[in-house]
Each structure stands twice: as structure tokens, then as C-alpha cells.
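Chain lettering (A, B, C and D) follows the sequence in which the chains are written, and residue indices restart at 1 in each chain.
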Amino acid sequence: MRETVAMQAIRVTVWGENVHEQKHELVRTIYPTGMHRCIADGLSESDEFLTRTATLQEPEHGLSEQMLADTDVLTWWGHAAHGQVEDAVVERVQKRVWEGMGLIVLHSGHYSKIFKRLMGTACSLRWREAGEKERLWVCNPGHPIAQGIGDCFELPNTEMYGEPFAIPTPDEQVFISWFQGGEVFRSGCTWKRGNGKIFYFRPGHESYPIFHHPMVKLVLKNACRWARPEGSQWIDRCPNIPIGEAPEPLAKQGPSIHQPGEEGLR
Amino acid sequence: MRETVAMQAIRVTVWGENVHEQKHELVRTIYPTGMHRCIADGLSESDEFLTRTATLQEPEHGLSEQMLADTDVLTWWGHAAHGQVEDAVVERVQKRVWEGMGLIVLHSGHYSKIFKRLMGTACSLRWREAGEKERLWVCNPGHPIAQGIGDCFELPNTEMYGEPFAIPTPDEQVFISWFQGGEVFRSGCTWKRGNGKIFYFRPGHESYPIFHHPMVKLVLKNACRWARPEGSQWIDRCPNIPIGEAPEPLAKQGPSIHQPGEEGLR
Amino acid sequence: MRETVAMQAIRVTVWGENVHEQKHELVRTIYPTGMHRCIADGLSESDEFLTRTATLQEPEHGLSEQMLADTDVLTWWGHAAHGQVEDAVVERVQKRVWEGMGLIVLHSGHYSKIFKRLMGTACSLRWREAGEKERLWVCNPGHPIAQGIGDCFELPNTEMYGEPFAIPTPDEQVFISWFQGGEVFRSGCTWKRGNGKIFYFRPGHESYPIFHHPMVKLVLKNACRWARPEGSQWIDRCPNIPIGEAPEPLAKQGPSIHQPGEEGLR
Amino acid sequence: MRETVAMQAIRVTVWGENVHEQKHELVRTIYPTGMHRCIADGLSESDEFLTRTATLQEPEHGLSEQMLADTDVLTWWGHAAHGQVEDAVVERVQKRVWEGMGLIVLHSGHYSKIFKRLMGTACSLRWREAGEKERLWVCNPGHPIAQGIGDCFELPNTEMYGEPFAIPTPDEQVFISWFQGGEVFRSGCTWKRGNGKIFYFRPGHESYPIFHHPMVKLVLKNACRWARPEGSQWIDRCPNIPIGEAPEPLAKQGPSIHQPGEEGLR
């Protein structure tokens, strides 16, 4: 045992599109305070997390520069209104991921602007809404995101997502789903972009009480813990190194169309 | 020996920004017909390739649907006018990469819209224009892109690009550069996005006769051969699987906010 | 169309442990000439392949230096006698993989010495022999190994392999299996070690006529085509570069315990 | 701020071959108590680490089951006597890595049995002992292992290691080296095997006081912190799932050569 140390809480911002909750009585019944609020409440069961929510309808979708600067991990749920998310906000989120902010993309967030931008692929999949059973298998029982899950867990009613899932090969495969109707899906995948850790987690359909499920809540806690920044920030810069500051002695050779000290072109 | 077969030529479209050539006498002296024409001529030394060029100034930047449909491998050189490339064309190119078109990104193309979109990262680096010596080392002597190169090759005058290079971990590291001024750089990197093979190749500064260099010409031939589509096209679709077409017998369970046969939300 | 060229046949060596066929009447009924012979016959349906077989019982298990030198792709099926494969032969095969020989590891070959050595991991999994249905889903419909397969294919009776499968993250996920009993498995995975392409393919249990199945035969043809060497051989060497042959002028500095021209320590 | 918590010290075992120190006066002058002791002392500058050493000459090379069970991170330096390390100990270390123990492989450890087994590749490289200057560039300034390093750091006298380095593509590239004599090398690389994090770090030649260098000491502290186990242990097992314990109702179909409850074959 070493001496005791003060632990920083992990500051999680739970982003919700908050559209289905406004439109569909069914969704409101399951999530009376909104899906985002339910997700945040799940995390708040542990005092490791300081949670806030942000929604599409707020100015800057609730994701101002300051809000993101104060966020360690952002969770993202969107479905009906991906196109309404402003590009400027998407770029801001992407930049924060590069710096080191963790990002947890949930369910239909596979088609969000931010996920597609970070992946560089189509992110398409096959799907069916039949309320069928899903069983999520753990591919790496020692992975931090799978702690406490056991071999697998079941969701009695889910929307099906099936392969092919048009993503780059994940860094690690944490979960793969089995569906009652006969399909499979890479349901828990990790990547890194810049210094930001990204976790895609499949469950979360608006018509079912997925975010009330204890195993889903446990996975989200594990994922937010795993995705928090480590190391320091990577600031995105593209510095011109003057000849006099080269590590080895160097004299200018050959012609040039640039002026000394000129900024790089973007 | 098996029977002889008819080989398809590899259809390469060489895209050039074609701005420096118009503005700078120096660049025009080195590349009187444009850098794109020089790159295409290098490939045409082998009858394996059917080359065409396209430039920023043409309608749709020369990259119409038909032109891309008829392209196996696209090479991309841009520097001064990344911002002038229309988003619609960038999306079209990205879609073709997903389908299987190869993409060779050259030098300052690290900051092109298409490269940044496919990588999902900042793609920043450090740089210096001192005309210094560069030596490119082969990291995998058996890689198709390194055939005929030997251990390494030298370029007498280059612009320096140095680490950190803000990219996702490459699938394979083909070249790493040593610079006279003391820096290093991951100069030859491969990735896959959808079915498209992507190769980033560092050399190619407009102020030096890089694309006249025999080793650079050899690498580009190797790379276009390597990047040509294999397998079949992956069409980007997100099909709804009706309950009656599930592989296993399935009955609708639970509530829903979707109508049967409804299209997915994007 | 370019001129016709002479195509080399792909030289495939099909390695079979050939133990169950000797011991169990059941296996002999399904594979009267041995599983290896059945696999080779499947490949020989196409004139692209020149097939030979080799078995555990032959001298050097049929895998002499010359035999491996003449092999483009090796397929490996073993189960009951992994421990009887001599380490010297395993090392020889591994070296040929590094040089560029393709390796297709089948079913219970997950526990073969050669696969464990190339992966560096435990390669464990969960399993059940109930003759249940398996459905293999294609994760990348454009991948060369998945050509002609469609969305998925079914095997009516299989042994189940389930996650966790203790492998390093595959370079590409080609197939994932759904099992009737409720499990999932990464059934088609690719890696590269040195210059050799490796494909693990799950189906192939000795009690069922898996290698007679047209889809399995198609996958194996695709895989052998995909795995054939490209580029040149990578010879494994660790050269001492004399000071006088350094690319940059260099004088000896500091002390040393080595003699000039000494061989490296292994 | 959340409440204070008790932090466990990270238990690091520093393994040293301890041969050069016995044989060469030069090495003894630089490392009077052995290289292993110097590495351990460097870590002990921080109270985060509980360090112990183990050497080739001890029974079981100092790496008993108990010693490894009590080790969070193992560092490995070997050169002259790789072949003398017993296979049983190598297998034991490998198993602990799979369970989650971190492994830091230093310099000439690229040719150790344990590193080659975990990589599955030849691990060869080119080399020269000229006491030349090396500059290690940081490829990801935000990576935990690069904290406090800045853009790069220099070692005045080193043995050169050059590409090609015969490794599988690293998960992350942390450092790349520039050498005075003109070569480059992937000097800091990470991989994961099972649950164990692996970091290869190039510097560390016995003829120079590398492990006294403050930047090397800092990298090793960072690396041991990064490599400590997270999540839980992955125990290597290959369980037979009885038909009655299948997640979905299942009846035995088809023939079998196994008996119910039989152990799997290895």
C-alpha cells in the first residue's frame, strides 16, 4: 500500500438527441426524463463520475468550447436528427477527441456525423425491429470494459443490428452479439483517434428500457472509466521548424517558393 | 505454368491541384506540363497502366461519377488549394474508396480533405523547407510497394516532414525517412477503409524534381499495382430486414415506433 | 485489355494430421481418402491450383525444406496429435511464413503449435459437440475471401466454437459465426507475420462432412488465392553494418566490448 | 475532487541476464551493481514502484510462479545468453503476460525467447556499434509513455539498430529513432497479447551508461505505469460446454467421436 491520494472525479457529459422523447408517448413512458437523463443517472450510481447532460435543442447543442474543455468523456446518443447537428459542433467534438477526450457512441449513433468522421467509413449495417432477444458475448474477459459482466449477458427485447458493419478493424473487440433471429454483430469495439479513446456500444434502442438494464449500466460505467484521458493533451499544430532550429546543423540548399517563417498551407 | 490469361490494365487517374504550376516559374521549369502530367508519364513507362489526369480547374475537378467509376486507382497531389475542393466531390471520392478504388495520397496531400476524412485524425506534422537530404528506409523488404527498392534510397533535396504525424496507426509501415536536419517521418503508410486500399507517400515537394526520380517512379508503379481493387465492390447500404426474412423463425415482440418496411434514419 | 500473360499456378500443400481417419470408422466413412485428400480435391476443382498433400506420419511430416520451398500456400488441419509435430518442422514452417508463404489454419488447428507460435497468444476458446447449426456471416462483402458467398451461409451440423477466442486482434474480420445453441465466434480472421498472410477458418470438424460443403470449398479456394505470396521473399537476417558502410560518414566513438565484424548474438 | 483513496504500489520485477557485468570490466565500470540494479534504482526514484530484481543465474532465473504472481510489470534485458533461458520459464512468463502482467522488453531483448514468442516474427534488425548519436522522436506527444519527454531526446553514444525491424505492426508507435550514421528505427512500440501490455524500448546497450540517462529513466517509469494490469486476469481455459448448459435449448444431433464431458485435445 502506498499513501492515499486524492482522486479526480471523471467528468462525463451525456449527450442526447432528445427527439423521440418529445415525439413518441412510448419513448416518454420508458424514459420520462429523457434517455440522456437515464444514462446520466446510471453513471451517477457511482461517485466516480460527475455527470452533466447536453441536448440537440440547446444553443451549440449544449457543447460549447467550455463545456467540452470540462469534459473527460462524452457519450453520444442520436438517431432521428443526425443531420441537424451543426458541422461546427462536430468539428469541435472531433478536435477534443484528438486532444484526449473519451467518446462513447451508443446504438444508432453509428450514423452520427461525429462517428462517421472519426471512422472514415460508411458505418452501415443491417437492422430489424422485432423486439427479439440479444445475447452479448465477452471476447476478452479481462478487458476493463467487460469487468463484472461474466461470459455474456442477455437483453430480452432489442432492435437487431447485423453484419456487415462498415467500420475500420477495431483495435479491440470487446463484445459480439448473437440475435434470436439469426444474425451477429460486433457490439463493442474500441479505436483511438489522436489521443481520444472511442468505444462503440450497440445496445440502446429507444423503444425498449435498455438503459435501465443493470448490465448496460455496468458497461457504461466501465467504458467511461476506460475512456478517460490518460497522458497529456495532444494539441493539433503543424509547426514550421526554422532552418536555424534544426537539430543538426543545416544550410539552405536548392530553390524555394516559400518565404522564411511562412505558415503552412491547409 | 497454367494457361495464359488476358490481364486488364490498371486504370489510374492522376489528380493534380495544378496551382503552383500556374503561379510559380520555378515549378513550371521543373514540371513544364504540370506535376500531374509528370506523375502520369512515370506510370506510363509500364504498359500495365492506363493513365488519365484530372485537375482542380476542370468541372467537378475532373472527377465525375463516370470518371471515378472508370478508375481503379486515384493518386492525389494538392497543397495550396485544399479548401477549394468541393465537399460533394470529396464525398464521391470517399464513396469510391469504400467500394474498392485504391487511393495514393502524395506529400502535402496529408492535409487534403479526402485524406483527413478517411483517417479521422488531424494529419498534422512538423516541416521545414531547406532542400536537405532525405533517405527513405524500407521497413518490410518483401512488401509489394518496396519491390526493387533495396534497403533504402536517397533524395538529394527535399522539404522535411517530421514526427509527430497525426495519423491512426498504419496497417503496415513501408517506409520511414531519415532527414539530414535530424528528424524522422513515417513516409510510407498503408490503411484500408471499406474495401479501398490507401497508401500515403511522403515525397513530392513542388520545388524539387521529385517525380522525375527513378525510385519515386518505381514506388508509384508498385503502389498503383498494390492498390488496385481486389475482391468485389462493397456497396454502401443499410438494409432493413423484414421480420419474415429473418434467418431464424421470428415473431414481433414488444412495442415499436417504426412502421413495417420503413427506411432507416440517417 | 492488355496483352495476355502466362499465369503461374498456385502451389498448395494440404497438410493433414491423418489420425482420426485411421482410428475412427465414422471419420473414414465421411473422408474415405482422408480429410487432407478431400481438401486437396476441393481445390483441384479449379485449375488455378497445383495441390499436394503431406501428413504427420511421413518423414519430416512431409514438410521437408524442399517441399516448403515449393509451396505457395500451406493449409493445416490437426487435432489429436498437435504435440507429436516436431519443433524443428514447426520452426521451418514459421520461417517460410515469414518469407511469404501463405498459411490457412483450419478448425482445431487453433491449438496447433504453428498457429500458437505465430499468434503469441493462448488461442483458447469454448466448445461443444452437439451437431448444431452454424451460420457464418460475411463481415466484409468485398473481401477476396468472401467472393461468391453472399450475405452468409449455413452448415447444418457443426461442433460449436465460442468466444472468448484468445487471439491478437485480427487485421481483418471476414466471418463471424452464429450458433444454434446461442454462441458466437470470430470464424474467419486474417493476420500477417513477416510477409506471410495467415487465415484462420473455423469450420472443419472431423465428424461432419464439412469439407464436402460447396461454400467451404469456395472459401478455401478464395483463401488460397488471397494468401499466395506477393512481393518478394523476406530473408531473415540481422546484418552488422561496418562503420565504413554507414550511409553517413561516421567515426568510432566510445568504448566497445565487440570486435569489428563480429556476428550478432542470438 | 473525490475522496482520497489508497493506491497500490506497482510491483516491478527487473530481470537482468547479468552476464556482461560478470565478464567485462568495461560494463562493470558503468554498472557496478549490474544493469538490473541500475534499472531498478531508476524506478525506485518514485515511490509508485515496488521493485525487485531477478537474474539468469538464480534458480528458475529468479522467476518462480510466486515471483511472477506477485509481479505487475516485468522488465527484460538479455543479450549474450538468450539460449540459456529455460523454455519452462519462458512459457511461465508468457502465461503471466496473457493474464495481464505488463512486459517491458529492452534493447537486445528483441532477440529474447519471450519477445519472439509473443510477437510470432523473426524480430531481426540491422545493427552497428560505433558509439554514434541517437535522437528519439515522440510520435504521439500525448501518449502516457511519452509524458515529460518533449519533442525528442538525444543519447550521445549508442549502438545503432536499423530497419527493417521484423515485428508485427505495433498497436502504437511511441518513438522512432534517428541515427547519426544515417539509419532509422522503430524504437518504442506497443502491443497487447491476451491482457498483457507489451512495450519494446530500443536504448540500453551495455557499453554505454544508457540506464543512467534521465530521459531513459523517465521513459521506464512511464512505461511501467502504463503497462500495469488493468481489468481482471484472463485465465487461459478451453471449456467444454455441456449440451444441457447451452444458452439456447439444444438437442444432440449427428454422430460424434467424443464422449460426453470429455476434455478438449491440445
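What we mean here is this: a residue touches a chain if its C-beta (ideal position, glycine included) is under 8 Å from a C-beta of that chain, and two chains touch if they have at least 3 such contacts.
Computed from a predicted model, the values in this text were never measured in an experiment.
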**Request:** Have a look at where subunit A meets subunit B and say same if over half of the interface residue numbers show up on both copies, different if under half do.
**Result:** same
**Prompt:** So, what's the distance in Å between the C-alpha centres of subunit B and subunit A?
**Reply:** 28
**Complete:** Per the C-alpha means, the centres of subunit A and subunit D lie apart by a whole-Å value of 31
**Message:** Among all residues of subunit B, which ones touch two or more of the remaining chains?
**Reply:** 135, 140-141, 162, 164, 169, 171-172, 178, 182-183, 192, 194, 234, 247
**Asked** Is the way these chains touch best called a line, a ring, a star, complete, or other?
**Response** complete
**Request:** Can you check the complex and tell me which residues of subunit A touch subunit B?
**Result:** 20, 24, 26-27, 79-80, 82-83, 94-95, 98, 108, 111, 117-122, 124-132, 157, 160, 162, 164, 166, 168-169, 180-183, 191-194, 206-208, 234, 236-243, 246-248, 250-258, 264-266
**Complete:** As the complex stands, subunit A meets subunit C at residues 135, 137-141, 162-165, 169-173, 176-179, 182-184, 186
**Prompt:** Mind pulling up the subunit A residues that touch subunit D in the complex?
**Reply:** 1-9, 47-48, 99-100, 135, 140-144, 146-147, 152, 154, 171-172, 178, 192, 194-195, 226, 230-234, 247
